[in-house]
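Mind looking over this structure? Questions follow.
A, B, C and D are the chain letters, set down in written order, and residue numbers restart from 1 in every chain.
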Amino acid sequence: MKVGFIGLGAMGSAMASNLIAAGHAVTVWNRSEAAAEKLGSLGAKVVHTPDRAAQGDVLHSMLANDQAMREVFLDGGLLDAMDPGTVHVNHATISVALAKQLAEEHGKRGLGYVAAPVFGRPDVAAAGKLNILVAGQATAVEKVKPLLEVMAAKLWPMGDAPERANVVKLAGNFMIVTAIESMAEASVLARAYGVSASDFLELMTSTLFASPVYQIYGKSIAEQRFTPPGFALPLGLKDVMLAQDAGHAAQVAMPLASVLRDSLLEAMADGAESMDLSALARVSERRANLDQRNKG
Amino acid sequence: MKVGFIGLGAMGSAMASNLIAAGHAVTVWNRSEAAAEKLGSLGAKVVHTPDRAAQGDVLHSMLANDQAMREVFLDGGLLDAMDPGTVHVNHATISVALAKQLAEEHGKRGLGYVAAPVFGRPDVAAAGKLNILVAGQATAVEKVKPLLEVMAAKLWPMGDAPERANVVKLAGNFMIVTAIESMAEASVLARAYGVSASDFLELMTSTLFASPVYQIYGKSIAEQRFTPPGFALPLGLKDVMLAQDAGHAAQVAMPLASVLRDSLLEAMADGAESMDLSALARVSERRANLDQRNKG
Amino acid sequence: MKVGFIGLGAMGSAMASNLIAAGHAVTVWNRSEAAAEKLGSLGAKVVHTPDRAAQGDVLHSMLANDQAMREVFLDGGLLDAMDPGTVHVNHATISVALAKQLAEEHGKRGLGYVAAPVFGRPDVAAAGKLNILVAGQATAVEKVKPLLEVMAAKLWPMGDAPERANVVKLAGNFMIVTAIESMAEASVLARAYGVSASDFLELMTSTLFASPVYQIYGKSIAEQRFTPPGFALPLGLKDVMLAQDAGHAAQVAMPLASVLRDSLLEAMADGAESMDLSALARVSERRANLDQRNKG
Amino acid sequence: MKVGFIGLGAMGSAMASNLIAAGHAVTVWNRSEAAAEKLGSLGAKVVHTPDRAAQGDVLHSMLANDQAMREVFLDGGLLDAMDPGTVHVNHATISVALAKQLAEEHGKRGLGYVAAPVFGRPDVAAAGKLNILVAGQATAVEKVKPLLEVMAAKLWPMGDAPERANVVKLAGNFMIVTAIESMAEASVLARAYGVSASDFLELMTSTLFASPVYQIYGKSIAEQRFTPPGFALPLGLKDVMLAQDAGHAAQVAMPLASVLRDSLLEAMADGAESMDLSALARVSERRANLDQRNKG
């Protein structure tokens, strides 16, 4: 198929490269061109404005956040430049409110819209093993399925309404951050009684909690290794707040999300802006003044 | 070895039966005698007072809580009835404060004391596949290791101070309850947008959170099946409060534990006293008034 | 002075009528004209578009929220229609972000901008006894002081930066909602032990907490009288969220605000949308299932 | 009347001195005798064991906490040494559980028991202006009323069951700590935007919150003056935890109390053990890293 791809960060690049490898004709655009050139060397056609990437049958986008989506698709006029019948597959983690608005704006213009947020880090994306949530009109979904299958270990259909895929993505990220805060608080308790974080977390993450999320972030906490970020802490805060916004719009109170938000803010105030989500552990440690105590 | 075992609930019975099967001479006592008779039929010697079970080389106990421990060992005088040199292996989930006190009281009387709380449900205990935390004086631990290995998939040494094993057990149970509350809040958010709890939780528990705790409790939440209890909700509340007590004694604030305590109390007030821990999900649902809405 | 006033709800009308009574030439505009006519009968000149009200020396506005402010002043073009040198006095409780943006937009156009949010209910406004926070450039503040003094028991200068007055207003409203939640939780505890809410709250609000906020909302809680709203619950939720937003922008975690947000959301889900803020008490009661219990 | 008084801290001494001044024959005992001698110089009879103070018609006690009460009255045998018909008036802030137990133990021995916890600091006690909560059997209450009136601005009857007075006292102290945390969080928000804590708190405590609690603790926060303690922070933590215990026993969740507990623990870990309750403000400040920022 003739496919466009815009937004070539670590995730987008890995996903687009799989489309190329699968034999699709991929046209790419990215704000900073270096990333696009790299895909050019893999066989993509590189263009210099996003509308040029949107001329195919399907346009994938993996932009950073609501603001980038608005700038390119709404304020930047990309939606108006697309041909009716084109299907836009949006992989970004965006707000439920924007998801609804985008569905409406695409509909008005006769464009297809599929929300397809993903679970998986860049290495998983590169391996074509993402878990991809898929929601949108059946015909549009049907059309893009072969493309998604190239990138995915499994597709998880979430029905007609695109925002459903987004709310599931946000709920999942909320669960990830909760798992990290849980390890942070529990391991500070253990440490206060003389058990090392690594002894404690090795036990937990190889038995009851032997799953990827706990193992990846548990290792960072045990080793107090918070840079470079795998999942940047400010993005985690953004996602927790988007989950809260979705909760607010639907009158769903989420007390754990409130704790996460406050702990993440405290981490930011303490300088974790360019650290990994696992740096939440620094907040628990600071609360208990563990550092000072051990010196004393 | 000549071994005693007191406290024959579902867990204790399964553990004692493995000791019998491994060829040890096991003497058992239980408050209600039916459970003891059952082990008698497997080859145990049944006695009618706890001191009679405490005449061997090692005494295991798996009593319900702090109060039962105090009644039998301290107020009931069992400690005073034991021979110096005997090692007591305590498998119960008890407070850190009592763990310290017991270590002291055993020491005074020349008795060995090993804290050996376990992770695993009765079926895991029956299969001899528990994860057992072990803390106590090296000589005492060395002596009882062969007995513990009979019951365990793996032993997790936690050092000399018995209370360390207890604090790790409490920290682990805190993480379990957090995982449940996390699934509860996230699945209500998903449901408010029309995604079923089972679709949402199947995704989560077969990908990012593919571990026993999430799968077991996630299934209960998805199916809204809260009886009979696997892990009774009031016991979960007790353990969260013991984790908070341990935190208080060491000046460690645990904001997630506070949320769990309040949600569990709310569950109790709403009639979940004889339900499973997964009934926490009822609280999230009630907060969002989801039932009423779907009717409306 | 020649003064305009737009936004004539209960508060705005009371404030504008005091300006008229003090002898100022007041031109009024309101979206729904009935409120404007009423002030016309007191001597105001009624106009049918907001720009006509903005021709004087000073323009007061008391609109409902950020959205109304944006619609009238930014998207609606009112700022562009004002004469350089005019001072705009904004009494609304708005976000810190919008306060900053408005200060900038006024500055660009040579317009004065004074943030002057108020504490006090409509009866206090009618009596000219408001507490008014005032922030903005000294010259602009100086010019409007005589007008503000007509409405106020006291002016509280907050410096040059207009958003400071707004953040103080939000922080104050946060304290109000906290006081209500505090009475709600405490009186349910007392009731669970057989002490009536009115006995408990009479004690508290006539001794340690003998201040207006506690007395007004305490009375509503004691009498379970939640309609008509004095301070509507959804507005309280809005203000708590604006305080959280201000906290987020400045990396200030406010754990009490998080509890308030969740309790208010729960109140909304339980049907308190058109009730008074004091209906927070229904949430505490529901959490403890107090109603059911007393029946049982 | 012939009256005994035991427990002569700052509060107890002030209260006992008013009984002396009113012409009652007062016998006093205190663990450390210096305080007793001081009352001796005002006319009290000083004795060296508590049972000697318990020979009159009425025995007042104002001991520090549950532990001190248990040591003197239960384990120390004072209850057994009292003459049937004597009425014991307990002014201490104790747990609801102990209040119930004491009521029962007094009843068994034919002793009267009145719970009479007080609101007011030592200077208020000295002026005889306390607010005294009173609960107990009507005949016992009637008998001690003249004594209580000597110490009180007002008596607040709370019915027959002594623990009701205690739960009201705990609920009141919970409200005090909430008010402090509320000022702490709000003033850090204001400070983050350049408004000084003293400007902010002067406004709040002279308008909406013009009541003793806000004024006393608000002043400490504004001046960052946390020693010497008026209400010691560890006692505030104790009382919040007793309120939570009372909530637990009655299945009443109190989310604000949970926040207070965690903030107080964090204050303790940061060295506030010998500071005033108002030192809660240090925790909010630290969370926002305000100190560091202002240096930066």
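As a working rule, a residue touches a chain if its C-beta (ideal position, glycine included) is under 8 Å from a C-beta of that chain, and two chains touch if they have at least 3 such contacts.
The UniProt protein names, listed by chain, are A, B, C, D = NAD(P)-dependent oxidoreductase.
Note that the structure is predicted; figures quoted are calculated from it, not measured.
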Higher number of C-beta pairs in contact (A-B or B-C) found for A-B
Per mean C-alpha coordinates, the chain lying farthest from subunit B is C
Check: chain pair from A-C, B-C or C-D whose contacts match over half of those in A-D is B-C
Chain centres from averaged Cα atoms put subunit A and subunit B apart, in whole Å, by 37
Expressed in whole Å, how far the mean CA point of subunit B lies from that of subunit D is 38
Distance in whole angstrom between the CA centres of subunit B and subunit C is 52
Note: subunit A residues in touch with at least two other chains are 247, 251-255, 259, 262-263, 266, 269, 287-289
In the complex, the residues of subunit C that touch subunit D are 96, 119, 131, 133, 154, 156, 158-159, 161, 163-164, 167-168, 170-172, 174-176, 178-179, 181-183, 185-190, 192-195, 199-200, 203-204, 207-214, 243, 246-247, 250-257, 259, 262-263, 284, 287-289
Subunit A partner, complex, touching residues on subunit C are 241, 247-248, 251-255, 258-259, 261-263, 265-266, 268-269
Contacts from subunit D onto subunit A in the complex sit at residues 255, 266, 269-271, 286-289, 293
